[in-house]
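The following blocks contain the structures, represented as structure tokens.
Presented sequentially are two complexes of subunit A, the first with subunit B as partner and the second with subunit C.
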Partner chain A sequence: MNEIAKPAQRSRAAKWSRRGFIGAGVLAGGTLLIGVAVRPGNPVGKLGSLVAGGQGEQLINSWLKIDADNIVTAIVPHCEMGQGAHSVLAQMLADELDADWSLVRVMQAPADGSYVVTDTIRGFVAQGTLGAPDWLEPTWNGLFTRIGRLADGMITGGSSSVRTTGQHTMRIAGAAARQMLVGAAARAWGVPAAEITTAGSVLSHKASGRSAPYARFAAAAAEEDMPQTPALKAPGDYRLMGTDAPRTDIPAKVNGTASFGIDAVVTGQTMTYAAVRRAPVPGTRVAKMDASAAKAMPGVLQILNMGDFLAVVADSYWQAQQALNAITAEYTAPESSIRSSQDQFARFSAALDEAGEAGGKEVIALGDAKGAMAGAARKISADYQVPYLAHAPLEPMNATVWVRDGKCEIWTSTQVPLMARSAAAKALDISADDVTMHHPLLGGGFGRRLEVDYVIMAARIGQATGYPVKMIWSREEDTQKGLFRCADMSRFTGGLDARGRLVAYNNVFTQRNDPADACDCAFYDIPNKSIRVAEAELHLPFAAFRSVDHSQQAFFIESFIDEAAQAAGRDPLEFRLAMLGQSPRHKAVLEKAAAMAGWSTRPAAGRGRGIALTESFGTIVAEVVEVDMSSGKPRATNVWCAADPGFAMNPDGFRNQMEGGIVFGLTAALYGEISLRDGAVEQGNFHDYKLLRMDECPAIAVEIINGKHEKLGGAGEPGLPPVAPALANAIFAATAKRIRALPISKHFA
Partner chain B sequence: MMKLTINGKVTAVDVDPAMPILWVVREKLGLTGTKFGCGMALCGACTVHLDGRPVRSCSTPIAEAEGKAITTIEGVAGPEGELSKVQQAWISEQVPQCGYCQSGQIMAATALLRDNPSPSDADIDAAMAGNLCRCGTYVRIRRAIKVAAGLEPAKGAPQTGSAQA
Partner chain C sequence: MQPTAAFAMTGLALLLSACGSRAEAPVEQIVVRQPGAVAASAPVGAPDAGDPVAAGKVAFAACAACHSAAPGAASGIGPNLHGVVGRAAGSAPGFSYSPAISKSGITWTERELDTFLANPAAKVPGTSMAAGQVTDAPRRAAIIAYLASLKD
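Right after this comes the complex of A and B.
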């Protein structure tokens, strides 16, 4: 704008620009730094059309709206994949808003740059900037919002929703909206705002006896100035936070009405379905195909050779898959010389050999590891290894697309809707603005749906058809052709002093992704450390897996600590406790798990107990596993889990995540293995890629240590890491057999 | 045309008799509560009832359903949407995480309790071992079945939660 606005206009423009600065970011101390007002006629009114619902709704800001029936809808930017983020983020907003939980609904925020999760991006990109000084916050928020938009940062991962978006956005949005409602009521009633109280979605003024539901002042509230510093509740004032508020998404999940990506229907259009087959070895392509038999099969509409994959489009998915099965194909020769799992582990082993005791890239160097090792009274060493793993969410990869007139509409389960949008746009050579995303509930994510490979494939199929098509991967495609938790190998040497203390710690492994500190057990007081990574080629493409590096590192580290305890002739619990003098919270968690398990009592004959302690995604977790070896094969009978997340916003939801992480981790520990033959994945379906079943599931007890800390830990991932080492350690306790390679079941075949 | 009875309603579909029940109910009848997980009767996500017996709809041809009553997850609640005891227990015990397998879990549990109103832990394990849950809600499923059977009290979470908008 070049012309100078008149004073009245200028003041209004200033107000708009403040409100229009999208990307609400807030400080734990309670300062609202950036608010977004969205309502009809607003300069950022584009959002209004994206999140609008029924008549009489009033958007108070971009994170919540209130309708005429006094229903509050929290607009949640994270995806719901079972972790309960939708519900708990709404719970946090509703508490600050003093809303009646039974009148709260949740809406998935649309895939739009306005809903980048600024604080999650901050958590990923620049750890430690959350909780920065007040004066710095606006700069940080502006910066990370911009980064977030550039990076399509609408991400659900890293066990981060509650501790970033929940703490720094949803609570502020609720508190700001509450203050605006109070302001509007105060004006209308002609009373001081300070005299108005709020509870259960109702405003009250005691002295005059007036009260009104929020809905009555929703429109007026939207005209109030967005408070820049809404006060947040102190823990003593929480009404919903810290309670087991029932999850909003569960009712629809018990009657068949919950809608997942695979359930997409393009309204008013005839649906078609695509089955796909990728080349079996990463990097290879279709060299030749014979589809003559498939062409003649009923329902077949199109057969596509896309180079890197084949697709059959038909009237039904079953017909498409039948026809695909009838296609024979040959593929180009793989370039990688890794043909088998043995080849893969030989690469790892060679990299570790080459690195020796000092080579590779240094990750942690503490004290004098070399000197301490030389002076150690006793040395131990051990190699551990883990195989590739498939994520295997029960909803296979799928996406529905409709490409027409230079535009594309996509329906898919994804943890990264904006990245999916950009990837599809790039594949189709159109603008991301011409791609509309619909991203309903996820039938499991676990990191797999941080990747967009399947969305790109569907977009390319849709481009070829021009009509709506739903691509669904078979379970075999999903198990064999996607991206994987890496295989890895880790080598340790430890030095014990004359008193049996672990004084030297030397470790080198080959795969390092995320989080950066997953390879260290910093909470243990080990004075001299050398931790290094000696990178080695991976044959299969990598995708983050629930708890990422912790999923293998915890097994390596806590198995080795157990071996050190054994070498020192100490009880595994006592050995660990002796190293936790500087880590009182970790010590308390470990003691709690041990007490729950009755560690000091002897297990029944044929049984053993193992223990492990980890910290991941800000949450400290200790688990004790009891294993029954009386049949000759391991059966986990009990898991006792103690966890300190700082504060659990929804304790029951947190426990559910610990339980889930434990089962997920037991599957990986006992059965999980993706192996290679001729460069391709050998496993195909749940008969040879086994998941833990009900009759193998142990009794699980979870206790939360709720210290009411301001800094919160995550929930989705931290339950997983300790369970594999605790189980392996339990097997050692019962049998004196040390498991150094997963999966465990292979040792008892 | 094939005449089918689904959730108490008679309907006719024109499909290949070899097509699995799963794809008929999902694609032709729009009942998407029944899920595709493996296609080989290994995961149980597709479980429906045929004359009250649980079957894996991904591996059962629609021809086998002719003349029988098919019940899907959409037909478990009463005519006014009143939830069954199993569904209520699934809410009170806050069982689902992602929820994708839960239609199949509820169909399996419903069939179990019809045959065996007071199942032991071993009965539950045996009846439910065919239904995978990747999120790992087994502990809660076990408890919810006992709650539905009246063997354990409900945890007391209100039955009237908020719904998804």
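Right after this comes the complex of A and C.
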């Protein structure tokens, strides 16, 4: 470990300022540390201690270091849950640095406040614009930094890594470091900096024939002035960005050496395992426990009644779970009167009835929806509904903790390491500085790991035992007792004018979380709109699901648009295109998907095609699904997907995310349903909470349009929203049967 | 359409509400024994964490997908490991080894096994054993103790 020098030994390069986004400092031995940040103060010392590695290693900045072998390590503040963020962020940094991709490594940033992903918070509001919108500018460094810190905003979500951290931090870090290396070489060689070129992690001066690897000038670069706004490359100069640079995380995943949260081992300690059972109905507690049989079972170390859950700690997970199964318990009576799924949907429809044509909370009011509806030549209306969904990541919820001497060490897969750290600190009544987080790879997140409930539970068990414990939820616990994509219901009325144009659009639904604009389809030219939310009680707790509100809203909106096309007697593609006069990028995407699918040709007998268009997380996606109904049950045979993310930094990774989103979305559309009985979740494992199987997976084709390189969209989520409505619309095309409630398989049981 | 400030805050409210609260202590805590301590009446077959051979037998589960360890049992994806300690590398009868192992010249002492399991590909570059790395030293020691206990 390198030692951290006193601030007095800092180089002249160290100048963190409120508006300065880049700062630097020196570690003992002349090692350079630079950081890109939106916060005041100088965190160099602390960061240095967290990311410093072995001897002879130079920390070029807090987002990158270069070692003596010329290996560049990108330090990435986002989690890797299969979406490829680690690799593509390193790719962006490496491009600006002109680094040799084969010499680039990735390191997960430690869970420290200095790595707060302020830009993600910003991204939630600024929707991926490179510069802040004017109305946000005054608050950026103040309000959003503060909120980011308050919310422990080192988060991975909102399909935001590339468009926020990548654009605002990784590229700047790489460009600044390159400029400083060039400056140091120019000084040493006595040549103008402008004559030095960089490529493949090597500095060259053509005229004098000199060249040197970056490592040689890493320390000297510390003495260079720091460019506060280094020039970033224009797309024409990209070497790595926009290419299919091989992902850095794949080899370890293929050869089995990749380590996930559930693989955690506390070195040198006897591992113990906890199995847990929460009360079956949300909000209820353990009233009475009988553990007499469990106590005598093999391997059992402790039995805990934590009030809101039961836990057995044992020598192995299996023994813990077996003993837990042997515990009988009684629970307190639930307060909510919602007992069944029917009860839940009855609440929704009552809320919609009460809101009527104009009630509820207004979200969007455009033109005169009421007047336009009154004057419409033709009116249509439809109600849609979706059930609760579980995230079902293949790695079940788990956390390993060791609580001792007023300190806590945690190993867990999480999308929010800092939030997990403070939640554990709060639960244990210790300071967050006394909690050390290790957050390895995630075996699936999908929004479930934005929540920290399982981390708190593990910390409480660890506090009770005082020795290291690995808590693992069973699959049943994971399916039944977690947090869920909300169920929801949405009611539409629409008015068509005499020429079949959708001129009035009235919509009210019951659940609104995130993103704020998910309930709108602003790209369509619909002159009069009233969109409202009539909030209704949810029985199960909510957690963001892949694409969050878009996961239900896209099904509602794009099904209704399809019904409007049908009422107007128009082709679904033509009907949509006619409304895209103001949205050329959306039009191009929709036309592309239609062309890929051969929309103008007739599908084979028994088959139908459906189309849907969405914009989510800044990325425009159109999908055409072809469904084969010849067996009487729907089978999606093909999905053609066209997407415009602005610019795909790694097209292979982007396509991969579209495919993943489509498969995840098909699972939800066809099978996904968490239902209630006696207030508890009915499903338990993959036999009754089905995932799409290999043999059911359609052929998926993805094409990318790089429509606007200065405004990037996300990748992790946008592939999902269009697939459910496109499939339902395809089923309508094939059978004239309109699906207004998911999951689809229930209609063909 | 321009989002309003009220729009902007919904996502953040979601984040803020997720923070934990001060936890309650256990309502009931039944301590049966300490980890590592022998159970008062040790149930038959329960591994004793203080005994490395028993701990190694449990940890061998990570290897059992590919290796059998019973005397005379057929090799699987990997060779039978019965009696491997002290044996020349690549010598289990009937198993087709990679040239890397066959030509390694290693005799599987406990020490050699320790470096091999710590990083198989580094110890024997080109080995076809694609999984089975054990980074945790005590766990490695336990597995090796278990393997050493397997003698006719």
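Heads up, the rule we're going with is that the second predicted complex is superposed on the first by the 684 of 749 C-alpha atoms of A that agree within 3 Å, B and C clash if a C-alpha of one lies under 4 Å from a C-alpha of the other, contacts with A are read in each partner's own complex, and residues count from 1 in each chain.
Assume a contact is a pair of C-beta atoms (placed from the backbone, for glycine too) under 8 Å apart; a residue touches a chain by one contact, two chains touch by 3 or more.
Model, not experiment: these values are computed from the prediction.
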Clash or fit, subunit B versus subunit C on superposed subunit A: clash
Touching partner for A:243 - first (subunit B), second (subunit C), both, neither: neither
First, second, both or neither for A:512, with subunit B first and subunit C second: second
Which superposed partner A:255 touches (first subunit B, second subunit C, both, neither): both
First, second, both or neither for A:301, with subunit B first and subunit C second: second
Partner chain(s) touched by A:81 [first = subunit B, second = subunit C, both, neither]: first
Touching partner for A:318 - first (subunit B), second (subunit C), both, neither: first
Touched partner set for A:265, first subunit B, second subunit C, both or neither: both
Subunit B and subunit C contact sites that coincide on subunit A, given as residue numbers: 255-257, 265, 298, 316, 319
List of subunit C residues in touch with subunit A within their complex: 1-3, 7-8, 10-12, 14-16, 18-36, 39, 43, 45-47, 49, 58, 130-131, 133, 135-139
Subunit A - residues contacting subunit B, complex: 53, 73, 80-84, 86, 90, 101-107, 244, 246-260, 262-263, 265, 271, 273, 298, 316-319, 321, 392-396, 441-446, 472, 474-475, 652-653, 656-657, 659-664, 667, 685-687, 691-695, 697, 699-700
Subunit A - residues contacting subunit C, complex: 121, 124-125, 127, 135, 147, 150-153, 155, 158, 255-257, 265, 267-268, 270, 272, 286, 289, 291, 295, 297-308, 315-316, 319, 364, 366, 416, 419, 422-424, 426-429, 450-452, 455-456, 459-460, 463-464, 467, 512-517, 520, 522, 544
Partner subunit A, residues of subunit B touching it in the complex: 15-16, 19-20, 23, 27-28, 30-40, 42-43, 45, 72-74, 76-77, 81, 83, 87, 90-91, 94-103, 106, 124-126, 128-142, 157-158, 160-165
